[in-house]
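Labels A, B, C, D and E are assigned to the chains in the order they are written; within every chain, residues are numbered from 1.
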Amino acid sequence: MLVGKIIGTVTATRKDEALVGAKLLVTQPLDMEGNAKDHPIVAVDTVGAGVGETVLYVSGSVAPFAVRKKDVPVDAAIVGIIDRIDLQKP
Amino acid sequence: MLVGKIIGTVTATRKDEALVGAKLLVTQPLDMEGNAKDHPIVAVDTVGAGVGETVLYVSGSVAPFAVRKKDVPVDAAIVGIIDRIDLQKP
Amino acid sequence: MLVGKIIGTVTATRKDEALVGAKLLVTQPLDMEGNAKDHPIVAVDTVGAGVGETVLYVSGSVAPFAVRKKDVPVDAAIVGIIDRIDLQKP
Amino acid sequence: MLVGKIIGTVTATRKDEALVGAKLLVTQPLDMEGNAKDHPIVAVDTVGAGVGETVLYVSGSVAPFAVRKKDVPVDAAIVGIIDRIDLQKP
Amino acid sequence: MLVGKIIGTVTATRKDEALVGAKLLVTQPLDMEGNAKDHPIVAVDTVGAGVGETVLYVSGSVAPFAVRKKDVPVDAAIVGIIDRIDLQKP
């Protein structure tokens, strides 16, 4: 899983019918210090995440498990709102 | 999911029989500001996307879900036409 | 899917029994202008591709679908011979 | 599989219900000499790994197999505590 | 599939029970000329590969197919010992 920050939303009227009603959030991957890394991706939300929140998200073919519908064509899903990251002092 | 722009088409007469009739579109990945990033890929279309349109696409083993046929060897599929991306001001 | 050029063959006598008889082709990924990008990979062929041909190939866990055998450990498969790529003038 | 070092923990109260009770560990990928490479990821633990330990972890859609629950949206899982890496002298 | 060279072994006493008895080999990815590229990974062996041998390996969720056990959390598996790579002269 990766850590990301929700930075926006995507609107798509014409879409795969399995995605109707899905909340599509622009998610900026972060490193563990909270700095942006790589380009943002679009993830489906099922935990009620909002813009500005720091989240945990999955990528790939496990993403449909978060949607609780079989055979949904999504490859990224938000699975948690992060409260705290505790890093060991090196 | 990633955002991309349809920039062309691929024609392949000899192909896996599960791909017969599939529309194969050259898709340029974009960042959230609409700039090209990375190399284009080829995605199967099921939402009626056309050249010049900005789309949402999935990669990997969830792509066959968009085709609604089991066991189709496709690893990228267009799942929506994007109307709008709203980004939070940083 | 990605575009590639067949540049060689791999011979492996000792191999997973599900791969016996499989044609293993060295495939150089290309960008849409036909230039080599990244390192070559090895893909299984099921469409009769030969050295020098430009092909469409899939990666990941959809590759076994091209082989039409379940549970075959292959992660790249050639699914078409490309006749033509038409790119929109920017 | 990759080698990593556990460097922290992630706490997420609001999360996918399949993740309730899951131990989420920040894992720094290492090269075979033990140097950090790439950015840390978050992996679910099922072997009792602790901060500071060197582990073996899997990525992608095989990660749920480690959790022994079907359809869990996790894409990285710790599958072993490494005792020793023996490298051949070049 | 990718080409690699076996350069070592990994020992992990505490591990996922599905991995008990698995041979875990440190595998250095090679380009088609035999030069090292990227960082080594750890792959499970089922074809009797040994240190120093050049192998073909798969990555991702097809790796369990090589192990012939369902639901094993492995994401890389050696599927052949390479005898020869024949490259077309450019």
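As a working rule, a contact is a pair of C-beta atoms (placed from the backbone, for glycine too) under 8 Å apart; a residue touches a chain by one contact, two chains touch by 3 or more.
Computed from a prediction, not measured in an experiment: that's the story for all the values here.
Note on chain A versus chain D: their Cα superposition corresponds to a rotation of 70 degrees, in steps of 5. In whole angstrom, the spacing between the mean C-alpha positions of chain B and chain E is 31. Centre-to-centre spacing of chain B and chain C amounts to 19 Å, using the average Cα coordinate of each chain. The set of chain E residues that touch two or more partner chains comprises 60-61, 63.
From chain A, with chain B next, the chains follow one another around the ring as A, B, C, E, D. Those residues of chain B lying in contact with chain C across their complex are 6-16, 18-19, 24, 26, 39-44, 51-52, 60-61, 63-64, 71-76. Here chain B touches chain A in the complex through residues 1-3, 31-32, 37, 46-48, 56, 58-63, 65-66, 77, 79-88, 90, going by the rule given at the top.
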